[in-house]
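Structure first, commentary second.
Chains here go by letter, A, B, C and D, matching the order in which they are written, and residues are numbered from 1 within each.
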Amino acid sequence: MKTAIIGASGYSGEELVRILSTHPDVTLAAVTSRSLAGQKVADVMPALRHKVGELEFTASDPAELAASSEIDVFFLALPHGVASEFADPLYQAGKTVIDLSADFRLGSTRIYEEYYGQPHPAPHLLEAAQYVVPELADEKWKSTSLIACPGCYPTSIQIALAPLLKAGLVSPKGIVINSCSAVSGAGRKVAEDFIFCERNESMKAYALPTHRHVPEIEEQLEKAAFADCIVQFSPHLAPMSRGIVTTIVAKAKTGIEQLYATWDKAYADKPFVAVLPSGTFPDTKNVKGTNRADIAAVYDPRTDNFVISSVIDNLVKGASGQAVQIMNLKFGFEETAGLL
Amino acid sequence: MKTAIIGASGYSGEELVRILSTHPDVTLAAVTSRSLAGQKVADVMPALRHKVGELEFTASDPAELAASSEIDVFFLALPHGVASEFADPLYQAGKTVIDLSADFRLGSTRIYEEYYGQPHPAPHLLEAAQYVVPELADEKWKSTSLIACPGCYPTSIQIALAPLLKAGLVSPKGIVINSCSAVSGAGRKVAEDFIFCERNESMKAYALPTHRHVPEIEEQLEKAAFADCIVQFSPHLAPMSRGIVTTIVAKAKTGIEQLYATWDKAYADKPFVAVLPSGTFPDTKNVKGTNRADIAAVYDPRTDNFVISSVIDNLVKGASGQAVQIMNLKFGFEETAGLL
Amino acid sequence: MKTAIIGASGYSGEELVRILSTHPDVTLAAVTSRSLAGQKVADVMPALRHKVGELEFTASDPAELAASSEIDVFFLALPHGVASEFADPLYQAGKTVIDLSADFRLGSTRIYEEYYGQPHPAPHLLEAAQYVVPELADEKWKSTSLIACPGCYPTSIQIALAPLLKAGLVSPKGIVINSCSAVSGAGRKVAEDFIFCERNESMKAYALPTHRHVPEIEEQLEKAAFADCIVQFSPHLAPMSRGIVTTIVAKAKTGIEQLYATWDKAYADKPFVAVLPSGTFPDTKNVKGTNRADIAAVYDPRTDNFVISSVIDNLVKGASGQAVQIMNLKFGFEETAGLL
Amino acid sequence: MKTAIIGASGYSGEELVRILSTHPDVTLAAVTSRSLAGQKVADVMPALRHKVGELEFTASDPAELAASSEIDVFFLALPHGVASEFADPLYQAGKTVIDLSADFRLGSTRIYEEYYGQPHPAPHLLEAAQYVVPELADEKWKSTSLIACPGCYPTSIQIALAPLLKAGLVSPKGIVINSCSAVSGAGRKVAEDFIFCERNESMKAYALPTHRHVPEIEEQLEKAAFADCIVQFSPHLAPMSRGIVTTIVAKAKTGIEQLYATWDKAYADKPFVAVLPSGTFPDTKNVKGTNRADIAAVYDPRTDNFVISSVIDNLVKGASGQAVQIMNLKFGFEETAGLL
């Protein structure tokens, strides 16, 4: 099976190149980038030199790509809005589209416009599109060929919270979430706020109180809870290259043993979620470069809250690794293929 | 006026040496450290070489220090428990004692024992001791000569929250606080968890759900609120040398303008608190090396919460700088002397 | 084939666990550590959780290990001196021993004693032992079963210099070498000088002028040059977790094209050395987590020197990766097995 | 006395604002920046909020500034080429100009053009201009009012080497210099190569073999040595915000005691140079935020070389601090005024 990466110049795109170029079951047949077209991948991403051979970045024309008879699966690592320009013709041409942008994450075009500042670029595709956290989604998603990959923050949150909300073990009301993200969460963004000396030895909250991931978080948690779920989400920038640590405060409706029993059951056969003992604290360094989420929780009798901790690598489980995991599951490959 | 630092080998002690050795109104007459006795300060702390001249670390005998007729003010940068061994004789001898440990921060010996795992070492001094955040404390504290300096996390929290609770602008119920601290918050602790490669590129929550600063935070917030105040406090370790960013979620009982009006009034003439506009985000890098707290807040109409952000340098405003600020105010020096 | 790691608690040992636990051709049958005996590997090294199953650290008795009929290859990740206590009985029992310590790197017991401060622990094994940089060593090494893995600095230096000295393209006299190493070069050393706040935002030279790697560097370069080769080697500590950048100044005896032609020939079919164009600068980030060395050079007509730049990951090509590469070659596995 | 900073938006400019806004003997009367004109300094540089009051960035017209009767001293923190556009009219108008750019550092217009790619912008001023490392320059410099501040690398090198060359203690031939610089050495440069994730966990050499500072280094060392002095200089980028460590290899023409005697004499009464004992290693963290250079050296009998180590803060002693030190000396203020 042949795969292509559209928009391969960012950090998520680079991570996709890394994973797909050594994947045992697929071939990386094309990588596109407007800005890098004509250059060798090995020259632009020297760390991948030994994996990519003579592969070159090409310019990318949606119609042309759609007409290609060669490639089966397209990973879109593009900005929101732009992603739809490719998703539409590729999906119409019968290709499998795994989109890492926000274009198909939200069910509501109104909310998309509110948070992304422009009308939804492809509302006619929303019904076909399927939002997939592989550990949580209903098996039926595998029949669709337009898949929205979750955002990094929402992934770290849902893996911890969704099974608990579904089982009614925490209240959907009053949930407070704090996340700290590595700088790569902003992508390969060349702006003064992201140069080394501005981010080194620096921590700050940002985008309070309504970061763009809020509606995605709430929509998915509401689906799990079968109830309204308005969260207070506070993201922070941390001086590191990779990783997200998320800390969730939620009102307990049961004991900690029940919480762990539910997690253990939900993730018993899931290779990419590790449930750590209560009283230990997940550390981003332990998931760096992996597709794994580590989660743990404690109960505070003083407040009757659970305090839940979750860590992922924002570029792997929070983006490219999860996208490949989705491909693996959809096409019947080993779930961990290319991801260990 | 002559000052001494007892236990000067840690990061807070070193910061005190830095500040007091160039303070315009006092002399640094003695620095003690059991482990470093006999060595020159300039050799152990080469960064301070040009400020400390020939000063040497000495061994420290509480009784002897108390008998010294020379020194007026003692800064204790010692572990809890040990601090009392010095505070007691020095206070009895009429010296001014500014203690950076936890020994005199809590009103209750029972809670001290619960959180610090040992009986309170000097319960007879608790009545005399005064807990002082200079911007918040009642003027009467200046008459005492045994002063408890606040912890780093509690300082970052109280400066933001205390005026709001006092004015009834936020609910004392259900407050959720997340803090991210630099590694120096653990002091100069030589342990595997604190070596460079374990903390670099790493973030994690720790000490959930009841870090030792929780009772201090709650006791002080309750005094401000005249009401019970049980908080959910989640501290994190961040890969940097200095700084704390604290994010507070509290139920609003008024509008954001009123919150800002209250802050503006509380801090109008306070040189070490900067109230930043709503929608800007305090950054630890901007307070690094300073005795300042930067605070800002937003209102979230979706949740009816205020989300409040506060940053300090944990070693300065969170420890040594605040201790010197306390001395300045008690003895009538310029509040900013030695601190700009 | 079954392998064991003796002394698996350090960073090199951990990296060996990472590599061997997913190696396609061998099984990791035992990992030993005095301090961790009885604990599960998955608990101590949570990042490796999904690779090591139920494997436990065991205590390690050299005689017992030598008597084991199961294990064929032993990797020694032990301090110098201690390594010999295992190497001796294991080698005598006919096992293959791949030693990452300094015990068998030097040909001279006198120089060993001078640099390591103790008599050589196993001089009778020196004749049997073979020092191996796989890209440079004569094929004959494969017949020995006691192999000394090179040090990290010497690896970064020899890969760049040895082919040039062998071909007579640079003068063996007056070579000046500067290296900057990540903090993990010191291993998992718990000492005040290695805690986060001491190493962050800090660079310094150390061990001048005769770091322990000097005699290893010189012995190997002399073998390549068939001439005396006294180098000036200055190592530095850099605030990062992994990587070494080495900059070599050597008097040119030919032009830059000839230098590149010689490198190109030496490394044409070597998967783990990348020869970068003159005028580009190898960056440690591009080899992080890989077993690759990146090298490049420029000629300075003003000084008639070549200035050569070389980077490796000190824990992979500088230690554990190279050790596995050696095993691969000795036993006829794919050279890159387990290392991509 | 009133001072102005022209081009205050970069890191050196910001550091100048920091120092001059609390200098006891001068007033900071104006700060200019094309891009920031009209904004308050306190808003753009929040870390300096409490020092700069209501000061605003203004646009800067050279002729207008020259006509101002108010300001006596102008610090130029501008790119090379642009600096001359201001230096010329200001100098002609009788102002004191302290230029941090490269425009007046080199004696030869030919070499300027070779290294900076454009004709020298103000050759008629070269005779008037004086290059000043305050610890090394002849007293006569104080009579000029157009002063070239040294580059950061050259400062770290000259402080270590110039007295030794002058005294004939090292050979001027065959000197090899390696430096590692913090990222701020590139200024506030917004480019992909300088964003956090590209520089974090990364070290590389760059600009080999002839960085722009090479002719400045050589011209000054030749003046000290009264002999030709062609050096091999290799700069590196290190993942930190501030600091330069320089390691110099030079052929010894005397013993280490004589070297130290010469240093001790040269720097006996110099507040900003600390001569550390042979066998200790200067660390950038110890000079961070200070105007000090720390230097030390060892002798290697194997090679007959001195290996000399020197550290500075590139933004302070390597730029803005030294500029203020120059002003202090020229105008008879305390040498350390504003710099402790």
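Just so we're on the same page, a residue touches a chain if its C-beta (ideal position, glycine included) is under 8 Å from a C-beta of that chain, and two chains touch if they have at least 3 such contacts.
Chain labels with UniProt names: A, B, C, D = N-acetyl-gamma-glutamyl-phosphate reductase.
In this text the structure is predicted, and so the values were computed from the model without any measurement.
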item: Of all other chains, the one whose Cα centre sits farthest from chain D; value: A
item: Contact-richer chain pair (by C-beta pairs counted) among B-D and A-D; value: A-D
item: Chain C and chain D: spacing of chain centres that average the CA atoms, whole Å; value: 39
item: Distance from chain D to chain B - Cα centre to Cα centre, in angstrom; value: 37
item: Euclidean distance of C-alpha centroids - chain A vs chain D, Å; value: 46
item: Chain B: positions in contact with at least two other chains; value: 198, 200-201, 239-241, 283, 285, 288
item: Residues of chain A defined as touching chain C within the complex; value: 22, 46-47, 49-51, 201, 271, 274, 276, 283, 285-290, 292, 294, 340
item: Chain A - residues contacting chain B, complex; value: 174, 176, 178, 180, 198, 200-206, 208-210, 230-232, 234, 236, 238-243, 245, 247, 249, 281-285, 288, 298-300, 302-303, 305, 307, 309, 311
item: Chain B residues within the chain C interface of the complex; value: 11, 182-184, 188-192, 194-201, 239-241
